[in-house]
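Labels run A, B, C and D following the written order; every chain starts at residue 1.
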Amino acid sequence: MKYLEAIRLALGEALAEDPRVFLYGQDIAGTFGGAFKATKGLTERFPGRVLNAPISEDAMAGLAVGAALEGARPVVEFQFGDFATIAFNQFVNHAATTYWRTGRSVPLVARLPVGGTPGGGPFHCQMPEAWLSHHPGLVVVAPATVADAYFLLKDAIACQDPVMFLEHKYLYYHLEADFDPRRAEHLGLGRAAIRRPGTDCTLISYSGMVHEALKAAEMLSQQHDIEVEVIDLRCLRPLDTETILASIARTGRCVVATEAWPFGGIAAEVLSVVASQGFRWLDAPPVRLCAEDVPVPFHPDLFAAHHPDAERIADLVLETVRF
Amino acid sequence: MDTSTRITHLKWMILGRALDDRLAKLKAQGEVPGSVFQGRGQEAYSAAGAMFLKRGDCYAPLIRDTAGRLVFGDFPLEAIRTHIGRRTGRMKGRDGNIHRGDPDLGLLPMISHLGAMISVVNGTLLAKRLTGRLADHVGLVSIGDGAMNTGATHEALNQAAVERLPLVVQVADNQVAYSTFSDRTYACRDLVDRAVGYGMGSLTCDGTDADACLATMHEAIARARCGEGPQMVVAKLLRLAGHGTHDDAAYVTDEMKSRFGDCLQLAERTLKVQGVIDESGIAALWDEARASIQVAVTQALAEPIPVAADEDWCAYSERNLTELRA
Amino acid sequence: MDTSTRITHLKWMILGRALDDRLAKLKAQGEVPGSVFQGRGQEAYSAAGAMFLKRGDCYAPLIRDTAGRLVFGDFPLEAIRTHIGRRTGRMKGRDGNIHRGDPDLGLLPMISHLGAMISVVNGTLLAKRLTGRLADHVGLVSIGDGAMNTGATHEALNQAAVERLPLVVQVADNQVAYSTFSDRTYACRDLVDRAVGYGMGSLTCDGTDADACLATMHEAIARARCGEGPQMVVAKLLRLAGHGTHDDAAYVTDEMKSRFGDCLQLAERTLKVQGVIDESGIAALWDEARASIQVAVTQALAEPIPVAADEDWCAYSERNLTELRA
Amino acid sequence: MKYLEAIRLALGEALAEDPRVFLYGQDIAGTFGGAFKATKGLTERFPGRVLNAPISEDAMAGLAVGAALEGARPVVEFQFGDFATIAFNQFVNHAATTYWRTGRSVPLVARLPVGGTPGGGPFHCQMPEAWLSHHPGLVVVAPATVADAYFLLKDAIACQDPVMFLEHKYLYYHLEADFDPRRAEHLGLGRAAIRRPGTDCTLISYSGMVHEALKAAEMLSQQHDIEVEVIDLRCLRPLDTETILASIARTGRCVVATEAWPFGGIAAEVLSVVASQGFRWLDAPPVRLCAEDVPVPFHPDLFAAHHPDAERIADLVLETVRF
């Protein structure tokens, strides 16, 4: 099953299991089934519950807030996560604040296709998690595996709080795994996963970058006998600081690799937690490897240089281990 | 409109005015930490909209809707509590003044960003429709001349039209947005000219004329109830107060003032002239309003303020999500 | 319109079509990293707008404006470079395809967020006015039926009207926004009905009729130039391609196709019937267009790609600001 | 001179000195002069150059981008920084990316009244710097002093890059200082200031919180003989990591205090820089004290508890020094 198919499966099951669920987004209805085809076939199965939205991201988010307050379970698809800037206000000032201000939950899910693909350019490759997670009140999720794409989406739809669900565009079709939802194990919302145990260094990432981290870990094991513990955050907000700190306590070293810009990103938050709460365990400076600090470039060569990859992650881990 | 509706309308107008005045006084007395915004001059229009709502409808008032809120189920005690920041009441001192609301009642607690409430009302209506509970329910949302120009307003009005939702948008063109006159806010002849561009029904009325407000809001809401799709109502009137009590509104010209009466004075006069109510009847309404507000003030002032040490400082409703935070 | 204008118009339409076709071919050949969007079916309208602009005007085209861009000063080599990501040219491989532009020319490089360009054009016009350089200059901005519903569009159109800026907004109602038909995009009779709500002048035309496009855009731009304030033009037509080359547009129905012709075929036929140009004259225009594009393709393919090691990865123009970064 | 008066002075001088400068914002024109009166008197002195905007923050920002591209120097006032969410897209995707994408600078200034005042509540007290500084391309400035309010605003208007200028609402009328612009010394854009030298701990803050930091330093000096070095960041993006790291090298300890939410905020960024680049000098975990992680409360008692103050800062410094 592909990552995208896992998302479609979760959407279909949620629609089938819970009559309160409906889907709303640009071009998601009918035979077209969305820019990335996540909702293909769902209109036929659930007529009237998969609705096309006008190009009005603010109103899409606002409608979801209202529907959630009214007891529905709206799942809103954005065509690209980059366009969530337009809905930023409804997300952080409305969805995120309502529970604290009024005691009423706002159970909505916003599905945001994020991350880079070569040739995507500055406005179709961004990672929005930094600005979606600063304000208190939103749950921010970023599945890296096929199983998580399925389970975390089901969890997100069941969650009482508003969830920003970040789907990596590159993984949609490029990530495939054997996966049986009735058998697979699954960690709940809010927990990080140790994707590969190790003793020499903790390597933290999420979303598409997890696969580069795993490649780096494999390279280091093969070439340098270094055993890296790879953590996939899964849920960025709230952050599973317990799992992170427990790992640092074992390894004494920390590298964070993300596809996002560095300044104030998730990597910065992780490093602050590690530095302030894990200081006593650290044998080397905790460091991060993020995207270059300019818009995401269009040309594939620039794009490749802009994004961290397994090699550069491995280099940084090596430097950290040898500190 | 029948006599009892007109008298009820007057009663709500008076209660709204009296409550706004009392809130201003509480502010002057140092009891209110934040701002006080008043609906003075807009009571007739505001109350008229809410009067034709029923249980199960949704209402998103704005800063000038003290009267409309009261009609819909807000009450003086809650208004005062929220202004003076008591931990009793829905907002518990966490949010204040005109941000109060009660989602359980369908009274949406506004956020400050103008225009943001409309799509939220759309969402409540769409959810009702999808889950088979819409029946003849409607949503009513209030908006000012200034806020008509936010992107949020536009997206939401178009959205309501595309979904053919039973939304009534009640535009109060009170000549100013804070200190800015309409000529720096919009360039069309009348804001109602926007309705056709959304494919909405539309109505206008003199916002200072209580009977016109009643008839017009009655008609608009009836149309929405019977499936004619979203409706835009635009009333012209004048804000008869500062933007908030901190604002002396010195920029409002005499010429502007000369063009608009006070809806409440006008209503009292008309009803008296027509023999619907007499001087003492009106005085009784005022006495009753002031008395009920005084009771509420006394109680609210005696209520406890929030205690920081009791707060759990958690923005999530799913507590299990936060237990993980170190 | 006079004959030479009509022939020039045809020439630009042909060049636009030929360039779009060549870009699609380059994409099929694997030379284009990103998407290719085409203006097929919209060349007459797009070119007509830009033809009445002059040096010092500002133009913000969108994804279907290959033709209009060429008229205004974009050229095939720049278009191809930007699509295939060469470091030559304005964008240096940093941004691609329809995001190209040249602010020095007044050709604004679009961002993807629909509606965002309009207020930027307003800004260029206001800046010209404030610094005494406005004279009779105008700004032209292109927008689709779908993008008319973004908040950004609304705020900007109202802003232009309030400031009475010489803005012409050229709306291409091509029946679809990606796969979404107009009935899920707007609910008014015609998008031109929005003009009155902004207090703008308005015009409509058949977007498949080259002469109508010329006459209408000429009139709209002339009105803006002589101080009549912002103008909205709405043309109906059909996108005769997928949203991008990746999209087979299977959702476009035969009924829709039967209602709209191909502006270019229609123009060629009309001009031939009227004896303005003959078959060989048209063939010559095509040959010329294809030849010039072939030269550009050959050159662009030979041009160097960007080199990551040469990048300074710095988003600030003030280099001293970044020297401090450790 | 008050903080607000310094801003007004800078605006007046900029208008007088440079014909390209104009002001645009809600309610700023005429005798009214803005919600906070920053532009009072300027319409009379510079007719036609102080313009009221409709309630259209996205279009305000977009207009500024266009005007800047056309060679003007727009200074846009937002009524509250909280409403910059609406202009977020134009700021981060348009103003911030244009130079990198096209080589053309976008010299605009957005003046954002930020920060908490008791009774302001969830939507009039926010600190927007985290989400304005994550994307590359914006300069983010937050003056804490009367002199900086003046000098940094003049610098911002002269800057070729788009500047987000964060003015603290509480300081507008509450901060007053003797200040002669022709005499005062002044650090340029991009440099942090050491407001009080010290040897025992580096205490970093910005905007309104600098004054609490200075109070805390004074308390610690008086009561505990601890000498804290107080750094006022002044410019949040780019961050003056040189000054920060040099101070940490001297003190070996670091506390960051901000009025913003913690997650991914400026404090997180500073801690990451300090942990990754200053690790060898650290004698104690670098820590932060931020606002409580919920919306800004309305009631003054909750508001006071929500915001860090001198006492709590001092406690954390003490803990850090005694580590």
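The criterion applied here is as follows: a residue touches a chain if its C-beta (ideal position, glycine included) is under 8 Å from a C-beta of that chain, and two chains touch if they have at least 3 such contacts.
This structure is a prediction, so every number in the text was calculated from the model and none was measured.
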Count the touching C-beta pairs: is C-D or B-D ahead? C-D
By Cα centroid distance, the chain farthest from chain B is C
Provide the C-alpha centroid distance between chain A and chain D, rounded to the nearest whole angstrom. 30
So, what's the distance in Å between the C-alpha centres of chain D and chain C? 40
Just curious, how far off is chain D from chain B if you go by their C-alpha centres, in Å? 35
Need the CA-centroid distance for the pair chain B / chain C, whole Å please. 44
List, in ascending order, every residue of chain B touching at least 2 other chains. 91, 94-95, 99, 111-113, 149-152, 155, 158, 162, 184-186, 314-315
Residue numbers in chain A touching two or more further chains are 53-54, 56-59, 82, 85-86, 89, 93, 96-97, 100-101, 122-123, 136-137, 239, 277, 293-295
Taking the touch rule as given, give the residues of chain A at its contact with chain C in the complex, in rising order. 26-27, 29-32, 35, 52-59, 79-80, 82-83, 85-86, 118-124, 292-295, 297-302, 304-306
Chain B-facing residues of chain A, complex: 19-20, 22, 48-49, 51, 53-54, 56-72, 74, 89-90, 93-94, 96-105, 136-137, 139, 159-161, 189-191, 238-242, 245, 273, 277
Of chain D, residues touching chain A in the complex: 82, 85-86, 88-89, 92-93, 96-97, 100-101, 122-123, 130-131, 133-137, 237, 239, 261, 263-269, 271-272, 274-277, 279-280, 282, 284-288, 293-295
Going by the contact rule set out above, which residues of chain C touch chain D in the complex? 58, 90-92, 94-95, 99, 101-104, 108-109, 111-113, 116-128, 130-131, 151-152, 155-156, 158-159, 162-163, 314-318, 320-322, 324-326
Which of the residues in chain C come into contact with chain B in the complex? 149-155, 158, 161-162, 164, 183-189, 191, 193-200, 229
